[in-house]
Amino acid sequence: MLHFDTDYMEGAHPKIMQRLMETNLEHTVGYGSDEYSKSARQKIREACNAPDALVQFLIGGTQTNATVIDALLHRHEGVLAAETAHINVHESGAVEHSGHKVLTLPSYDGKVSANDVRKFIDDFYADETYEHMVAPGMLYITQPTEYGTIYSLKELEELSDICHSHDIPLYLDGARLGYALASDEADFTLADIARVCDVFYIGGTKVGAMFGEAVVAKNPNTLKHFFPLVKQHGALMAKGRMQGVQFETLFTDNMYVDIARHAVRLAQKLRKAFEDKGYKMAVNSPTNQQFVTLPNDVMDRLRQHATFEQWGIRGEHETTVRFVTSWATTEEDVDAFIEKI
Amino acid sequence: MLHFDTDYMEGAHPKIMQRLMETNLEHTVGYGSDEYSKSARQKIREACNAPDALVQFLIGGTQTNATVIDALLHRHEGVLAAETAHINVHESGAVEHSGHKVLTLPSYDGKVSANDVRKFIDDFYADETYEHMVAPGMLYITQPTEYGTIYSLKELEELSDICHSHDIPLYLDGARLGYALASDEADFTLADIARVCDVFYIGGTKVGAMFGEAVVAKNPNTLKHFFPLVKQHGALMAKGRMQGVQFETLFTDNMYVDIARHAVRLAQKLRKAFEDKGYKMAVNSPTNQQFVTLPNDVMDRLRQHATFEQWGIRGEHETTVRFVTSWATTEEDVDAFIEKI
Amino acid sequence: MLHFDTDYMEGAHPKIMQRLMETNLEHTVGYGSDEYSKSARQKIREACNAPDALVQFLIGGTQTNATVIDALLHRHEGVLAAETAHINVHESGAVEHSGHKVLTLPSYDGKVSANDVRKFIDDFYADETYEHMVAPGMLYITQPTEYGTIYSLKELEELSDICHSHDIPLYLDGARLGYALASDEADFTLADIARVCDVFYIGGTKVGAMFGEAVVAKNPNTLKHFFPLVKQHGALMAKGRMQGVQFETLFTDNMYVDIARHAVRLAQKLRKAFEDKGYKMAVNSPTNQQFVTLPNDVMDRLRQHATFEQWGIRGEHETTVRFVTSWATTEEDVDAFIEKI
Amino acid sequence: MLHFDTDYMEGAHPKIMQRLMETNLEHTVGYGSDEYSKSARQKIREACNAPDALVQFLIGGTQTNATVIDALLHRHEGVLAAETAHINVHESGAVEHSGHKVLTLPSYDGKVSANDVRKFIDDFYADETYEHMVAPGMLYITQPTEYGTIYSLKELEELSDICHSHDIPLYLDGARLGYALASDEADFTLADIARVCDVFYIGGTKVGAMFGEAVVAKNPNTLKHFFPLVKQHGALMAKGRMQGVQFETLFTDNMYVDIARHAVRLAQKLRKAFEDKGYKMAVNSPTNQQFVTLPNDVMDRLRQHATFEQWGIRGEHETTVRFVTSWATTEEDVDAFIEKI
C-alpha cells in the first residue's frame, strides 16, 4: 500500500535522527538555553536576514497559533482569518480557549484578499456601535494555505501594508512553509517572509522534523514576555535541545527547502499525471498538496493501491480527494501510483 | 564537569532511540491512532491492572496538568494542592489560564495531609458564604513530590477516601512516578496508584523518554471528551506514534521502573556519602532527588566539579542544594563526585 | 423631538418605581435571598407553569448570555447561533472571553432554520476529523429576534426536538420576550416557552424594568452550580431585592405582557402608516421593532422630528432604518410622528 | 429587630431615589453617553482633581475588580493582594476566570505592608526560574480593608512608590471608599487617592447608591480600550444614565462623604459602647465596620435584638462578630442597641 494521506506520517528526516543519536547522551540545560538551540536560533536569524529577531521554539501548530495569537491580541480584539483557516476549523477552539474570537473573511482557495481585509476593518470602524463588537486586532494567514495555494510576494506586501496602515500585526502560519518556499511559483524568500510579517512560524513537524515549530518575530518587542506565555500555554519543552538539534540540522546547507523541493516536485508529477488522464484539479496548487476531483469508481479503485484523504463529502458521481507528498515520499512510490491512475 | 542538575538533561534512553530509529520511516496515521500507540496503551492498562482505562498521551507536564485539571473541574471550582505544588509555583499560571484557582494547603516536605484536606473541605461548606468562594473541586498531589518524598499506600488511600467521601476526584501528577515506584520505601505498585487515583499521569520526559506523559483514568467516564480538550489545549501531537513507540518501549520488560531504580540507587549512594561526611539532608527523600544543606565553602568547592541547583536563597553560612540523578547518570560519575565531597 | 431609537431610553415603568420607593428603606438580606426575590421567583414559576424551575436574576443581557452559555457548554463545545445573533455580533466577544466559539448558521431575518441546525450537527459528526473541531454543544436563539421576527410554536418545537434528539440544550434569549408574547402573531404562551426551552431568560431591561433579566430552567439540574457561576461572572447583585421587587411587579396582574402589548400596538400602527404611504418594510416584524427602507430624502426629513437608528450603511438612494417603541412610548408621540411621514 | 449585617441592606439614599423619580420618563441614549453620566463623570473628575481622568461606571464590585485587573495585567502576570483580599476570598474565582492568578501577601488586619510587596517583587526577580512563575503585574489593595482598617496617606505613598519603581500599577478597591474618607483618622482626600493610585474605584453600592461603581484612572492611557472590555465582561449597563444620575447626586454638595460620615460616627459610637462594657475589639477599625469578640452568651442574647454577622467560626467560649452601619442606620437604632449591650 502506498501512502499520500499527509506529510506527517513518518518520523524525522534521517539526518535529523542521526544528529539526535549523536548528541543523545550529552548533558545540557533545559528549556532552550542550550547551545544547540542557540545555534539553531542564530541560523534561522541568518536565513531570515533578521539579525535581531526573536526565535522561540514550540512543539506543534495548534499550540503555536494559540500562543502567538494570545500574545499579539489585546483582550477585546479578535483575529481576522479566512473562513477555511486552520484556526477557525481544525483546532478545537484553541483560539477561543484563550478568549479570542476568529473574525472570518471569505476564502479564495484558502487565501484572503487584501480588499476584503481593508473593507472589514473600514466597515468595522465606520459602524457607530463598534465598541460593542470584537475589534480586528491582527491578520492570520497560512502560507501555503490549507489548499496548497500560495500568496505571491506582491500579495503578501499588500496584506502587510493594509495591516500596518491600520496598526495591526500580520501573522503567517508556516506549518508547511518549506513547501511554499520550494514551489516553482515562489517569488519570495524566507527573508521576504520575515520582512513583511510581524510574526510567523517555520513549521518543522510537516517538513522533516519529528516535531517543533520556530516562531520568528523580526522585532522582539512584538512578542514581549513571550517566554512565560509559552510556558503558560504548556508549549515549552523541558528537553528543549531536541528542537535545537532538529532546527540546527534543518537550517544547515539549505536542507529545509531542499527536502521540501523534493516533495513539491513529486506532487507536481502526480498532478501532471492526473491532468494527463483528463481529471480536473480542484485547486491550482503549486505545492505538496494536490486536490483532484475523481469519478467515484476511479477513487474507489485507487484506494486499493494507496491511502489518501477524501476532501469533504462523497459526491453522487465524483468526489474531491487530497494527495500529499513529503520529504519521505519516494519517486518509486509516485511512479508506481501513476501507473495505477 | 559532572551533572546533577535535573533528570531531563539528556535525550532518550538508548533503547528508545533504537526503536525510534527502527521505525522511523514507517508510515502511520496521526494523532495516536497508530498501532504503536495502541500497543503502548494496552501495555499501560496491563501494568495498571486497569483493563478499561482511558490512556491518552500528552507531551509535557505543564500542559498535562492544565488539561487534566480543566477536564476535571466544573467552572466554579478550584484545585486543592500543596502550596509548594508545581502547579502553584512553576507553571506560569497555566491552571489559571484555563480559569481555575489553585486552593493551597500546607506542605509537609511537599506532601499534603489528609487532615488538612478534610478540614479545608469541611470548613468550606460550613461557611455560610461558600457560594461566593471557589469550591474545592479536586485534589492534586505529586508522587514523588517536588522534594523527592513519597506518599505511602496508606496515605494515598486516606486521601482517596477523603476525596471520594466528598465526591471530588484525586489526581496524581507522576512526572517522576518511576522514581517513586523504584524507591526502597515504596509499598505500592502502579496498579495501586491506578486504583486509588481517579486520574494520574505516568511521566516520560523525566524517566527515560525524549518527551511524553501518559494520562491514565481507570474509568474513562472520568475524562469524557478528553481528546478534543487535549487538542484545544495544544497538547495533541501530529506524529502521535512517537509517544506510542516510546511508551511501548518503556512498558516492555519493566523498563520504566528498572531504569528509575538505577537512578534511585545512585541518589541514595550520594545521600549516604553526604551523611557519612556529617552533612545534614534537608529532606528525607527516598527517591532520585536529594536535598542537602552544605556550608557555603563546601558548596562553592563542589561547584568546581559538578553542576547542581541551589534550592532557595544562599544563606549566610550554609545553603541547601539539590542533586538529581537519572537513568543516564553513571556509577562512575557518582563515585567520582563522592570522592570530592 | 420624538424618540424611537430603542426600548431602553427611559427609566423603569412607574409602577416599578413606585414599588422601589415604597420598599426603599426596608432592610433585607442580599444576593437574592430576600422575600421580594422569593416571591418574584414564585410568580415567574407560576407564569411558566414550571413549579420546580430554577429562576435566577442577573443584571443585563450580555452577562446573562455569557453566563448561561458558560454553564451549559462543556469546554470543547461551542454554541450554535444565527450569524446575526446578538452573541455573535454585539457582545464584544463575551462568549469567547469564557472560552467558547460561536458556530454560525444562516440567518433568515434573524431566525435559524431547523434544517440548518440538523444539517450542521449531522455533517459535524459525519466528518472523520470532528474531534479536531468545535462540537455544537447547544443552540442559541432569540425571541423575538434582532429583526423583530418571532418563531411560531411549531418552529420552536421543531428546534427543541432537533436539539433533544441530538442531546444538546436549547437556550432562548428573551431580552425582548414580552414583545414576542404580546404580538398578534404569537401562538405560544410563556408556559410554552418554558416547556420547549431548556433554559431561557425573561428580559426586564427592555420591557419595563430599570435593569434585570430572569433566567429560567424548568429542570434545575440543567444549571447545576449556577449561583457561584453567576457570582464568578460578576453578574450577582449585592442588593438583589432590587431585581425581586421589579420582577414581582412585572409578574403581578399580567403587567409584563400588558405593557409590551401597548408597545407592539404602537409599532404596528407606525408600520401601517409607512405601508399606507407606500414604503417598503425591510422585515415583516410583528413586534415592537420596525425596519423600513426609506428614500434618503424622506429619512433625512424625518430625522428632524424624531431620533431613530440607521440599520447598516446609508445607501445611495434609500436606506433602511429602525423604529422601536416601548412601554413608555405614547400614542400622542406616534400619532404626531405619523403625521410627518 | 435591628439590623447591623451589612451596608447594602436598604435601597438607595432618598435623594438618589428622588432624582431617579424626577428623571424617570426622560429619553436618553444608552451605555453612559447621556448628559447625566457626562455630568457625573465631570463632577468626579473635579472631586479627584484629575481633569483628564477616565471615569467609567460599572455595576458591582466583583465585576469591577475582574474587569480592571484584566485590563491592567499582561497575560503572564498575576495580581498581588493580601491573602484576606476580597478578590482572593469572596469573588468565586472571578479573577481566575479571566486567566489571572492572585499572588498573596500576608495580611495585617486586611492591609499589606510595603516591605512585603518590595520583598515579593525582589525575590521574584532574584529567582533564576522566574520566567516559569507568575509575575507580579500589579498591586491590589482595599481602602478601607475588609476589616475596616485604613491605609494612611504615608502608607499609600510608600505602596505607590514601590509599585512605580517596579513599573507596576497600583489599584485600589474602594467599594467602601466613602467610609474611609469620612473616618476621623483619614489624612487623605479623594484627590490624594486619585494621585497615588493608577486606578481605583469609588464604590456606590455600599455608600448610598442602589448600585454602581465608578472606576477612575487619572491617566486614561492606563486603561486603553476599557469600554469594549467592560462590555465583554458583561459590566456595561444599557440604561447607563441610572449610574449617571446616582453618581451625579452623590457628588453634589459633598453628599458621598457626608452620608458616610454619619455611618462612621454611629459605628464609633457602637464601638465605644462595647469598649465601655469591657469587650475587646478584634480590630482597631476607624470606619463603619466594627469587629468585637463577645462571650457566646452575650452574643446569643444580642442576637435577639439585632442581626449581625459572625466572623469566622464560633469559638468555645467567645466569638468574633461584625457590626456594620450605613447611611441608612439611624441614631435611634444604635442607641436602642447600646442599651441592650
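Residue numbering begins at 1 within each chain, and the chains themselves are lettered A, B, C and D in the order written.
Here, contacts are C-beta pairs under 8 Å (C-beta built on N, C-alpha and C of every residue); 3 or more make two chains touch, one makes a residue touch a chain.
In this text, all values refer to a predicted model and were calculated from it rather than measured experimentally.
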As a test of understanding: of all chains, whose mean C-alpha position lies farthest from that of chain B? C
Between chain pairs B-C and A-C, which one is joined by a greater number of C-beta pairs in contact? A-C
Provide the C-alpha centroid distance between chain A and chain B, rounded to the nearest whole angstrom. 33
Chain A and chain C: spacing of chain centres that average the CA atoms, whole Å: 42
Could you tell me the distance, in whole angstrom, between the mean C-alpha positions of chain B and chain C? 50
In chain C, residues with contacts to at least two other chains: 75-76, 91-93, 97-99, 131-133, 228-229, 231-232
In the complex formed with chain A, which residues of chain D make contact? 70-71, 74-76, 98-99, 131-133, 135, 224-225, 227-229, 231-232
Which chain B residues qualify as touching chain D in the complex? 75-76, 78, 89-93, 96-102, 123, 126, 129, 131-134, 313
Touching residues of chain A toward chain B in the complex: what are they? 3, 5-6, 8-12, 14, 17, 20-21, 23-30, 59-64, 66-67, 91-94, 97-98, 205-206, 210-211, 228-229, 231-239, 242, 328
